[in-house]
Structures are given as C-alpha cells and as structure tokens.
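Okay, so chain A shows up in both of these, paired with chain B first and chain C after.
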Partner chain A sequence: MALLGQTDLWAGIDVGEHLFLFSPMIVLVCTMLAVVACPIILGRGPRSIATVVWLGLGITLFMTFRVAGAVADGGVSGLSTQPGGMLIADNLSVGFQFLLLAFLAGVMLMWWMGSSATERNAPEFFILLLGSALGMVLMVSTTNLLMIVMAIELASLPSYAIVGFEKRNRVAAEASLKYMIFGAVCAAIMLYGASLLYGLVGSLDMAVIASYTIDNLSLGPNRVLLAVGLLCFLVGIAFKVSAVPFHFWCPDAFEGARIEVTTWLSVVSKGAGLLLLARLVTVFCAGGGADANPALSITFLTPLAWTIGIIAAVTCTVGNFAAYKQRSVKRMLAYSSIAHAGYMMMATAVFIHPSISGSTAGITALLTYVVIYLLMNLGAFGVTAMVVWDTGSDKIEAFTGLMRRSPWLAVPMVACLMSLVGMPPFAGFIGKWWILVALGRLQNTATSSGMFSLSTLGWLLMIVAVVNTFISLYYYLRIVVQMMFRDDGQRTVRTPIVGLAMVNGCAVALFALLIFAQPLKRTAERFTRNMYTASVEQDGKHKTLASAIQRGTP
Partner chain B sequence: MGNMESVAILANAAPSGAYSGTNLELVLGIGLCILAGFGLVFGGLTMGRLVRPKQPHPEKAAAYECGEPAIGDSWVQFDLRFYTVALVFIVFDVELALLWPWAVVFKDMGGPAFWAFAVFFVLIAIPFLYEWKSGYLSWVRSSDAQERPSLLTPPSSTSSDSDSSIADGVSNVVADEKPAEVTT
Partner chain C sequence: MTIGVTHFLVVGAVMFCCGLYTMSTKRNAIGILIGVELVLNSSALNLVAFDRYMGAGRLDGQIMALFIIVLAAAEAALAVGICINVYRNLATVDVDKATQLRG
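On to the complex of A and B.
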C-alpha cells in the first residue's frame, strides 16, 4: 500500500486508509471471484456455493462494522485525485451496506428454502445477485456523475439477467426483455443528460454541478439546456426507483422473476435509487458553497423540488390505483412497491437546508422508512413465497382461509399488510408519520422564510400522501378479508420452519420498531447528520454542518 | 444554426459557454432541425412516389442478393455458437485495451504498476478459467459432449444437468442447419 502511495497517480491520497474504507466493496468483489472459482475447484453444487457466499457476506459485514467505526464522526471521500472524490464512505453509505447485507441474508434464506433443491445454475445466480448488490452499494457511495452512471448500470445489468434466470419460463423471458429494453432506453437518456451537464459545467463533481445549477437554473443564459440535462439525468434515477412514467417494467419483472429475486428488486434496488436521490438532493441544497446563503440557494432550486414532488405524487397515486384490479398477489405487491416508492420520493422533495430549519427531517424520514419498508416487504413476500411454493399459484384465491389453514403465515401477513397501509400498531405507521412530519416541516419552514412555492408543494404532498393511504387501504384489506373471512376448505400450507421464523420475525420486528421508534430515529439522524456538506475540501475531508443540525429536533 | 451553436456549447466545457443567443433561438433552432429532418425523409419519399414510373415485376419485388437468386428467408436463426467468439473477444480484447496504456507507463511506474495489473489479471483470468471449465469455449458442443464426465467433478447429475438447456439449444440449431430449399 505504501508502495502505491509513492507514485504520482496516487499522490495526496493515503491509499491504505482509502482501501480500508472501501474494503466491504472489495470483499464483495472477492466473493464474486470466489463464486466464479467454485465451479473450477469445488463443483457446481448449489449448497456449497451458497456456503461460500455466506462466508463472503460474513466478512463483508465484519468489514462494514469496522468502517462504520472509522467514519462515525464524519464522512470521508476518496479514491481520486479530484476534489470531489470518486467514492464516498460516510454514515449513509455504511448504513445502506448494513441494510443491504441484512436483506441479502433474507433473500439467501428464501433461495435456500425455495430454489436450492432444484437449482442448476447456482454460481451464475449468485454472481448476478452479488453483482447487482455491488452496483447498489456503489450507487449510494458516490456523488460523481460518471460513477453514478456506472453504478446504476452495474446494478441494472445483472438485474435484467436475474429476472429472466429461468430460461424455460416464457413469462420470465418476456419480463427480462421488457426490463432490459426499458432500462437501456432510460440509461441512454440518462447518459445524454449526464453529457449535457458535463458539457455545460465542465466538471463531474455533483457539488460543482449543484452550484452551477443554483447560479443558472432560473436566470442563466443556458437554463433550458441545464433543465433538459437535469431532467434527462433524473430519468435514470426514476427508472431505478420505478417512478411513474418509467414504471412499466416493474409489474412484469416482479411477476416473471423468481419470488426471491422479486423481493430483492422490490426493496434494495429502489432503496439504493432513493438514497442516491437523497444524497444528490442534499448536495444540491448545500450547493451554493460554504459562503452562500442556503435560503437563497434553495429558492433557485424550487423547480427541481417541484419536479421531484410531482413525480412522487403521481407515482404514489398511479401505483395505488393500479393495484386495485390485480388478481395476482405478486403483481399487487409490485404496484404497492411503486406506490411506496412514491411515498419515499416525497421525502426527497424536502428541499430545506438544516441551517434554516435545524433538522434533516426529510432524509431521516426516508432512511427510517427504508428500514421499515425492508421488513414489511420481506415479510409480505416471504409469506407469498411460501404460499406459492406450496400451492403453485400466486392468485389471491390461494390465500383463501389462510387464517385457519396456517395461522403462523396469516398473522405475519396481516401484520405486514397493515404496516404497508400505515396502521398504528405497526412500524409502517411511524414511517409514514415521519414523512408527513418532514413535509409539514418543509411547508412550515418555507412559509416562515417566504418561499411560498415550496410551501404549496409541502401542502400538496401532505394531502396526496394522506389520501393515498386511504386509497391503499382497500386492496391490502382485500387479502386480509380473503384470509380471515372466507374459507373453501383447502389444506394446510406446508412451510419450512426457517421461513416461518423469518416472516414471524419480521412481524415482531415491525411491532417492536413502533415501541423503539425513538432509537431508530436517533440512529437515522446520526447517519444523515453529515450529508449536507457545504463543500468538499482538497484533502478529501467533508466540512460538516453537524452543529447546525444538532440544534433542533424534527 | 441554433443546433450548431448548441454543439459549440457542448464542445466548450467552460462554465461561461460561448453561446450568446436566447433560449427562444435555441428552441427554434432545434425545432427547425427536427422539421427539416422530417421534411427531407418524407419529402423525398413523396416526390419519388409522384415522379417515378410504375412498372411492377416479381423480380423487382425480390430481395437483392448481388444478382443471385435468393435462398430462403433472411430471418433464420443464427448459429448460437458465435457467442463463443464474442466471449473470447470480450476476455482478450478488454485485456489488450487495458494492457496498452499500462505498457506505456510501466517503465515509469515499475513495481506498483506490475501489482496493479496482476490484480486485474486475476480478475480476468478466473472468469476465463470458469468459461473454459464450463465448456463455453469449445466450438462443437453436441448433446453427447455434455454427457462426457469432466476431469475435476464426479460425473454426477449436477454437471450434466447444468448445461442441458444450452445443449438442447445447440441441437436445435444443428437441426436448423439442414440445407434450405432453393427458391427460384
């Protein structure tokens, strides 16, 4: 390591420190290599390969813990000679890595129960799964234009393949092709936007682009080109999040893919996209530089806030209405995940700087919601998976009378569905509540600072979120009614004990998170504290506004 | 016009671009370019339709194959085995493309460059070995070749099952390769 530091290429960078900060990603790459090497050395047995993956994930978790300790006091950017850095290791990226690893373990459990017995291509499956995981980790760990594009592609390409993993399944093949064509078009538009931004600004660093945007979006001579560039760039992120004009791949891909893959895509892929968006929003909100007036900067960014807010509101509404007429539970959960992407995107429309409002309410609400959403979806998809494995059908009729047939499946399903609605005894309620609080804070702060356009946006999004919650109640309750109040005398669902433990664990955790909501929020606040960085210094350390943020409580 | 100017902006990476016109001019320019594009294509086609003599003949309707009579349809299934070429190309071309700049700076950087490339080489070599071992590089992959036990794994069901679908694909392709009927 010291050897590398002596050369010009790595001048000014402590290579050892930086390689350590990104060691979880390096371990993930090594795990992929080990999985590739497995067929050469160990053979293609699915369980032996899964063991290698478990081992790799364990080491990744260990390294993530160590990195979490190292970045606890503030973010560090690195692996570049440019001021902005190519990658960032900070609390948010580490927090997302924890979430991703936990979820990967859940998906691995589902694979172990459902597919490992008949799996023929285990090495390929895990290479694709880990490859998309690596891409998602990179998405959350960067503010560099080029790196964002590359990370989104790295997350997407394996996803296309893994959706169509069952080669003989026509539905899966169709879903995979749709997903790929849609993704390719969106990637092309995003690349076009990125090239426009780079052409205008002359820098790949998002902080520089942000300050250029603040100077030019409302008044500058190039504002049309700039707006087109930003909008095109947003398309790529909207595709990952499955925001509404770019959501068409989502139901088909979710229905065609194996259920563990669906679970994987529904949470982590969207979570990564949303946290990337959140990171960009914070960079833009702080984009005026250390000496700028944040309130003035945000006034210039109002069109951007409206764009994100409108997309979020439309996504939410379309997702909920489309979920109404679905007979397939997998498809219904797909539309539900679109709607939830809308709720979470609302939190990223909270364009307020902590030096104005004293809080990081939007990002904190987003992070807690992602955690809760992870548990809700893992539980709901887990129950659906076990019903599908046993009955071979994912239609809503397969759930008839589940409360009598398998109460240990039905009770967690009810808990997860009610949590998805946002009903009080479960954590989904508190997640939604915090998003509403963040929107209220946006409205409040904007009014008191005289930014009436943003204030209107806050009101609008609050109303849309509440109305949508009522709309969504119907289709979630339909499954609950089917499970509890109808019965056609089918037999008990045979379930693996590990699966029962997993879904019931999710339900208990959802209940517990409501009780321990404050620690969750405090952790999320700690993780988001360093995100509003005024500028990035030459030595790679972020300047933080931690003192301004600690002042208030959202 | 406006289009040329916008290109000039993109070429000039400085924040204060050379572009000095208004946004309306820019939008107008782009709009005119789009209109001109449509006009050229559809105008040409319409003119041709109005002016050209119309003397249909079956020979004219046939696909042009350098004067030879066409043999069958062009929508045939291509041989799946060409993916082997693509795989080999990816492995070695990427390696070569990255070896080139590495070789240029190797003299100056010395040891670190060697180790950096050694890491990269491992990243390329292990997947290559995987392809080789899995038989994706062999040109002839008949169905009975799939049944042949490999050297490193016992002849269990896993190794033959794993590639059976590909083997089926190849046998389908082979079946398609029967000489097509010559249409005259």
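On to the complex of A and C.
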C-alpha cells in the first residue's frame, strides 16, 4: 500500500526479483490451474490427477529451495523492503513452506492409500486442498491486514468444502455446516476489527499500526478503538488455531471429515495461524518492547500478553478435559490438537519479555514445537487412518490388541502418543521443555510488579502447562493400554507398505529429533532472530510512514 | 451540524451489533449468514468512511471494501452450496437440529 501519490508505482522495485521470491506460490496456483485443465486432456482418473499434483509439488519444492538460497543470509527481503509492502519472504515463511510441502506430501500419500481407489471427484478435491495450502502459505508471509484476511479466507473456504466433500455422508454434511457457520462468523468479526485498526492509523500494515500506537499511547478515546479492534482481530486468529471459546467447530469438523483431511486441518491450519500470531506479536515489540518503554509495557503490552496467555491456558485445559471421555480416536486426537494449540499459544505470550533473547525464546520454542507436532500428528493420524480403512471404525475398540495384531502399527503409535504427552525419549519432550523454559524466563523481568505482572503470567502458564501434561497422560495411555494389554482375538490389520513406511518414519524421526535437537533449535533461533531484527530495523521507516499518513500526505 | 466520521462509525457499530444479535439468536443457517453479511457490510462502511475523512487521495480502505464485497460473495456462494447439501441429507438447515456430532 502507500503507493498512492507516487507517480511511478514500480520505482526502485525489481519486479522480476520480487516475483521470483514468491514463485513457490505462483507454482502452486499454476498447479491448481493444471488440475483444472487436466480432466480435458488426461481424463478424470484420480491417479493421473494425483500425478499432476505430485509434479506441481515437486516444482514448488524446487522453487522453494531456490528462494531459500536467496533469503538464506537472513532478514526480510522482497516486497517488504518497501515499508508497507504486502508480502514478506523471509526465513520463517520459506521454512513454513518446506514444512507445508512435506506435510502435503504425507497427506497425499494417505489419500493415495485410502481414497484414490474410490475417488470420483479427484480434480475438485485437489483444487480445494491446494487452495487451502496456498492460503496457509500466504498467512505466514504477511503482516498486512488485507492480506491476512484474504489469506485466512483462502485457507478457510476450501477447508469448509473439503470437510463436507462426500456428498451423501450425513455426518460430513453436518460437520461442514458447523465449520462454515463458525468460520463465517469469526471472519466477519475479524474484518470489523481490521476496519477499526485501519481507522486508527490509516495504514493497513500491522507493522505500521504497531509502530505508531506504541509511540502514541496517549491516544485518548482511540485507545478503546485499538483495544476493540485488536480483540476483534484476535477472534479470527483464535478461530484458525481453534482457541477456546472458538474451538467448537474443531472436533465436529475433524470427526466428520475424511481422515486425510482431518490430518491436513489438524496441523498446518493451526501451525499457520500460530505463526501468523507470532508475526503479529513480533511487530509489537519492534520498538524495543517492554524495556524501552515501561509505561507502554504496563498499559498495553502486558494486557495483550495476559489476554493471549489466558486464552492459551484455557484452551489447553478445555482440550485436555474434553479428550477424556471420547470413544472415537479421531475425536480424541481433535481435542488433543486443541490442547496442543494451547501449549503453542502459550509460547507466543512470551513476546513481551524485555530482552531480545527473552522475547525470541518463545517464538523459537513455537517453531520447534510446530515441526515436532507435525511429525507426531502425522504418525498418530497415519496409524489411525490405516486402522479405520481396515476395520471401518475409529472407536478405541478397533485398536484392541494391536500390538499383537500389527506391531508395525502399534509401535509407531505408542511412540507418537508418548511424544504427544511429552515423554522422553521422543522429541515431544524437548519441544514442551523449551516452551517451559521460555515461560520460565518471564519470571525475572525488570517490569514485573503487582498481581498482573509478567512473572505471575510466567508462573501461571508454567503450572497450567505442567498440570495439563499430567492430565493428558491418562487419555493417551488409554489407547496404549488398549493396544498392549487387551486382546479380543481380532485379525491382523491389512496395511499398505507405503503407509507403514510413513508412520514408522515419523516415529524414527521423533526419536532422532531428540538426539539432534540442537541443530533444530539453532535453526529456529536464527529464523526468529532474523524476523525480530528485521522488524526492529524497519520500525523507523514505519514510524515515518505513519506520521506522514497522519499529516495527510501519504 | 456537519456529518463527521463519528456518525458513520456509529451507524457501522449499530450494524455490527445488529449482525451480532442476528448471528447469536437465529437458528436457521441462512439467518446466521444474513447476520454475517450485516457485520461484513458494517466493516466495509467503516473502511470507506475512514478513507473519506482521513485526508484526500486515500484509497486503501476503499480497496479493502471492494475485497470485502468479493469475499462476501464467495462466502455466500459456498455457504449456500453447503446448506443445500445439508438440506439434502438432513432435510433441515436448522443448526440446532444438526446433532449427530456431539461431545
């Protein structure tokens, strides 16, 4: 934005380079178009369509590698070097693209094994899947309000349709209705918040809005505007990460959808929402955060951190308690994913820490947790999928005696479930540990005093996280016990070899990530630091832009 | 009395509240979607009003308002599609009667 008044829109911008930075997204769009064209040339056979998609994903991966090379020296590059640019290409967005592509490959494998034989509408399925993937990539690559809203909608609209993809399935129809109604309501409230935030400063860029508000906290009545706007805006993000009280869609949509769709929604949709939240809280500490401006910290940043922290704590607790009484493993994993969204959201509340290393610790923990969470959920859902395809039931009874029936399914399932609890020797342990360490750092901060201080928040979230870990132990162990110590003489589960390779690969990776945790953490640290320093560097430009807009000379 | 930005904001806020009320009281899926449209339009009104009163030559908000209109259309198309599918399966679009999934 802010292009108005400039005679030459493209002055100083190398269009080719910028298009190159966003080439993975362009390739994704082209793949969607190819899938549209494919039925005319190759017919509607599911396997041929899937081949086209695999090809497109391959090219996207290749382009992502090239872009990763271009932004490898860290920091932000691309359109956002112009203050007010709409898209960002930095380590974080490129890293998320890699994760998303890896996960998309896993979901494609699951589809190939489970649904490709009976699929009648493969082109539509893949257009919707790729559309939501594109939306999630965009969500992580922007701080612009318009772009955020568009990206969230682009990720959500195809998801509603894909949940109810099986037309004659009553449960799926109901699931998609609930998901759609919730999504539409939350998106509308979010847009209202965005309109108020725009009116506050006159810019659609969240970074500009944050820079300006931090300098002008004595906004008078505008402070109400800011608070209402931010809260309404948070509603949209809370819907995406299924935070309480916007989580009701999640178990229903997850249970009603096909299992590969459930897998897809459970990880990347929440991951993208959380990374978007991480980006937004980072721009609020660009001006030096709590240390540079104690008054700001008390009047604005601390309440924001408390809001996020309380939502996270409640989300975590509600998710774990609701998972208790579930008989369906799919639904239980849905509640488990709500609980995990809570843990990850806790990490974003650490942004307010006065020192750079303190405030980046939370986002670092979040990034590592997303990677680990992706592996453990893919594994757990993969095993569940194979049991569901063979027995036709997702109830916990279908898992009885799995250790004897199919040890190659049961062992990775145990590994993934233990990792979800956060027990060593699996990577889930180290992921949770880093979140706790980041929360612990909040305790010794300069600006902590009073009941609603940072240290109280740190303690509170730590206690909630630890207590919740123990609560979650029960329902994950219930499946383990069902698999290992009960047996009703059911036959062996027929499993595709690719599926076995996938779930066992996930289990091995979870084990390996505990041993090689340091490289993962160092990478996440580098990504976070680059994002942080870039937003600090651009802070001055954003302030200039904001005051220019305020003077009426955009 | 001259009409200022506040007047538009008040109209927008009233529309927003009407939308919220509709969304929370209607049991019919189409009724809820009408509430969503109200809220979407209130934000579009806000954006355009801010543009008008925050100095000449501002277009960001108006562009966003255009996007909101497109978005509302896309959402409505999809929502009606889903509603038809639900009606075929359950013979109702009452969200209270869709109770197969619970817990």
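The rule we apply is simple: the second predicted complex is superposed on the first by the 478 of 554 C-alpha atoms of A that agree within 3 Å, B and C clash if a C-alpha of one lies under 4 Å from a C-alpha of the other, contacts with A are read in each partner's own complex, and residues count from 1 in each chain.
Simple rule for what comes next: a contact is a pair of C-beta atoms (placed from the backbone, for glycine too) under 8 Å apart; a residue touches a chain by one contact, two chains touch by 3 or more.
These figures come from a predicted structure and were not determined experimentally.
Novice: Once the shared chain is lined up, is A:45 touching chain B (first), chain C (second), both, or neither of them?
Specialist: A:45: touches chain B, not chain C.
Novice: For A:331, select first, second, both or neither according to whether it touches chain B, chain C, the two together, or no partner.
Specialist: Second partner only.
Novice: Applying the touch criterion given at the start, work out whether A:224 contacts chain B, chain C, both or neither, answering first, second, both or neither.
Specialist: First partner only.
Novice: By the touch definition at the top of the document, which applies to A:167: first (chain B), second (chain C), both, or neither?
Specialist: A:167: touches chain B and chain C.
Novice: Per the contact definition in the header, classify A:20: touching chain B only (first), chain C only (second), both, or neither.
Specialist: Touch partners of A:20: none, neither chain B nor chain C.
Novice: Quick one: is A:33 in contact with chain B, with chain C, with both, or with neither? Answer first, second, both or neither.
Specialist: first
Novice: Considering only touches as defined above, state whether A:146 meets chain B (first), chain C (second), both or neither.
Specialist: Second partner only.
Novice: Could you figure out whether chain B or chain C reaches more residues of chain A?
Specialist: Comparing touch counts on chain A for chain B and chain C gives C.
Novice: Have a look at where A:191 lands relative to chain B and chain C in the superposition and call it first, second, both or neither.
Specialist: second
Novice: Considering only touches as defined above, state whether A:178 meets chain B (first), chain C (second), both or neither.
Specialist: After superposing on A, A:178 lies in contact with chain C but is clear of chain B.
Novice: Using the superposition on chain A as set up above, list the residues of chain A that contact both chain B and chain C.
Specialist: 4, 167-168, 195-196, 198-199, 202
Novice: Using the touch definition up top, name the residues of chain A that touch chain B in the complex.
Specialist: For this pair, the touching residues of chain A are 3-4, 6-7, 9-10, 29, 33, 36-37, 39-41, 43-45, 120-121, 123, 167-168, 195-196, 198-202, 212, 221-225.
Novice: Which residues of chain B touch chain A in their complex?
Specialist: 6, 9-15, 17, 19-20, 22-23, 26-27, 109, 111-112, 115-116, 122-123, 126-127, 129-130, 133-134, 152-154, 156, 158-159, 161-162, 165
Novice: Touching residues of chain C toward chain A in the complex: what are they?
Specialist: Spelled out, the residues of chain C in touch with chain A are 5, 9, 12, 16, 19-20, 23, 29, 32-33, 35-36, 39-40, 42-44, 46-47, 49-50, 54-61, 63-64, 67-68, 71, 74-75, 78-79, 81-83, 85-86, 88-90, 93, 95, 98, 100-101, 103.
Novice: Inside the complex, what are the residues of chain A that reach chain C?
Specialist: 1-2, 4-5, 145-146, 149-150, 153, 157, 160-161, 164, 167-171, 173-178, 180-181, 184-185, 187-189, 191-192, 194-196, 198-199, 202-204, 251-252, 255-256, 322, 325-326, 331, 549, 552-554
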